[in-house]
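Shared chain: subunit A. Partners: subunit B in the first complex, subunit C in the second.
After this line comes the complex of A and B, so read on.
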């Protein structure tokens, strides 16, 4: 699956905010999208990468991939799933 | 007639500084009361007390300034609202709990149901000293399990399902004790490090972990004059009936071995930790 070329519809950077605004910012970005569109979330190591993916999953969205940028940040690829 | 303070204390009436005034401790299970109970408590506090209640550190509710002469009238009034008096003194105290898996997204076990069950099983049982149970739903430990004589903490045992895994590595990141390593496309779990928090499974995008809920049970916690953290004997108990057997064994061991006015932790230290641990392991293995 990690070899798949996923088309990104929108990007959001949450490295400049701290918990719980990280999740809020990601959630707001997802709300702007249509069902099925894909968001790339740029986030920090530590609490954000530990908590944000789980919170998005709990909201019903589909996590597709986590890319380690090897600079203390990650890119999380999420597909919006509307309820 | 002399006032029988011991009986009053057993019935939840705590003597106040003010002569013939008592702070009445109420029976609360798992930190919950119904709206009906609360309404009755408010009414009684207004009519017989000073119009307020005190919330104790262990989820109890007390109505201060109840007069000695009103005790029976207060009990009758509370009974109308299905409110029962609590206990103080050398016996099993309020069973405390967080909201658990029925309400909290992090909850691994149904703490409230367990609190009701332990309350029915042990509450008020006379023992050599006070004895406290606390139940917390997950490793976040909002209810501070290890402060209690017996602390019960919910967790999950995880198993990786290779066929569902997309190799995203989130579980490795989510693990706070570095028990997970992705090696050559396979997940390796270091069981000696795993603390049963379940963050790997809960964070997994594809639910590539199976989870078995269970309990981490600690013994001998103290948080008063002396502070001591309760310690687990069995790393993880994944069976409800075994949990009850282990609790039965712990409380019985305390009843059999403790000197009067000796807290559980001191009994364990005096008699020997290994002897106590063996009693718990026997209950677990022969359960």
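After this line comes the complex of A and C, so read on.
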């Protein structure tokens, strides 16, 4: 993550749950933040990484970065955008 | 109040919705809805609102479960025959969702008790089957400023409208006065197709959910009618509120609640004298 100069305000791990609770937990974490704050989401390869970023984007949030941890997990960096 | 993992899973299909989210679900959990009548309309409405996690649901009904109810009142089962409807309804609702509080009121609504019944609730669902109760609910809700959903079903037809006092016409703006006693058949005399309660009662639950969460447009200022045989819905625009209405105009002629006479039509197979 050395190339990442974005300040992370909060982190959430959703590797322990399956769809759709993955997105629900990400959404709950984002709702706790203020507009413009940044959330790091630790998520699994496969369905979560295919669906969670797209769903968050559909809600208007800004996807800043998706980091492949090369261990079957990813870190998704999202900036909260209030409507 | 944060949601537990179990609650997140239970309400996940709501929370995923952009329009509802965590905030909307919390509003539902803090919401209070009173359902008057645990029958054809009230049964599906109560079940959906319980499932949705509406935190406090009141049920008013003076009757016991009868075999002839079961063709449409899906909150009650064959094993519930003879039980108070409010108790049977509460059991089903808590079986669906143990998170919620169900308050039961084993009584008919009257001009004496209705203000006490509605005062602690955010939204009222009229699931009654007679005109005196419908006019009483309208007048009491208008006077107390409580939003409510009116509905009626008979044979293959159903209708509903949402009244938000001050924001649109009330039931009395449209229908003026109860019809003369026995002029209109009740669903006991005329029959009603079972799923009609499901269609219309579910729409009432939907209006309650929309009101509590503040999502979308309510059915205020419109009457929605459904004819199952021709498979037609009509959304009829109603005249604006108040002009000449006896209860919701700025100069109402009705300022006290009225107990209209019930139609004397009750034939019951269990009645010795029937």
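We take it that the second predicted complex is superposed on the first by the 79 of 83 C-alpha atoms of A that agree within 3 Å, B and C clash if a C-alpha of one lies under 4 Å from a C-alpha of the other, contacts with A are read in each partner's own complex, and residues count from 1 in each chain.
As a working rule, a residue touches a chain if its C-beta (ideal position, glycine included) is under 8 Å from a C-beta of that chain, and two chains touch if they have at least 3 such contacts.
Since we're looking at a predicted model, the values are computed, not measured.
When the two structures are laid over each other on subunit A, do subunit B and subunit C clash or fit?
Here subunit B and subunit C cannot both sit on subunit A without a clash.
By the touch definition at the top of the document, which applies to A:20: first (subunit B), second (subunit C), both, or neither?
second
Should A:59 be classified as contacting the first partner (subunit B), the second (subunit C), both, or neither?
After superposing on A, A:59 lies in contact with subunit C but is clear of subunit B.
Regarding the shared-chain residue A:49, is it in contact with subunit B (first), subunit C (second), both, or neither?
Touch status of A:49: first partner only.
By the touch definition at the top of the document, which applies to A:68: first (subunit B), second (subunit C), both, or neither?
The answer is first: A:68 touches subunit B but not subunit C.
Should A:28 be classified as contacting the first partner (subunit B), the second (subunit C), both, or neither?
Second partner only.
In the superposed model, does subunit B or subunit C contact more residues of subunit A?
Touched residues of subunit A are more numerous for B.
Counting only touches as set out at the top, which of subunit B and subunit C does A:12 meet: first, second, both, neither?
neither
Taking the stated contact definition, name every residue in subunit A that is touched by subunit B in one complex and by subunit C in the other, in rising order.
Shared contact residues on subunit A: 58.
Within their complex, state which residues of subunit B touch subunit A.
105, 166-170, 173-174, 176, 199, 202-205
Once bound in the complex, which stretches of subunit A touch subunit B?
Subunit A reaches subunit B through residues 1-2, 45, 49-50, 53-54, 57-58, 62-66, 68, 74.
Under the definition above, what is the set of subunit A residues touching subunit C in their complex?
17, 20-21, 23-25, 27-28, 31, 55, 58-59
Using the touch definition up top, name the residues of subunit C that touch subunit A in the complex.
Those residues of subunit C that touch subunit A are 3, 5, 8-9, 12-13, 15-16, 18, 21-23.
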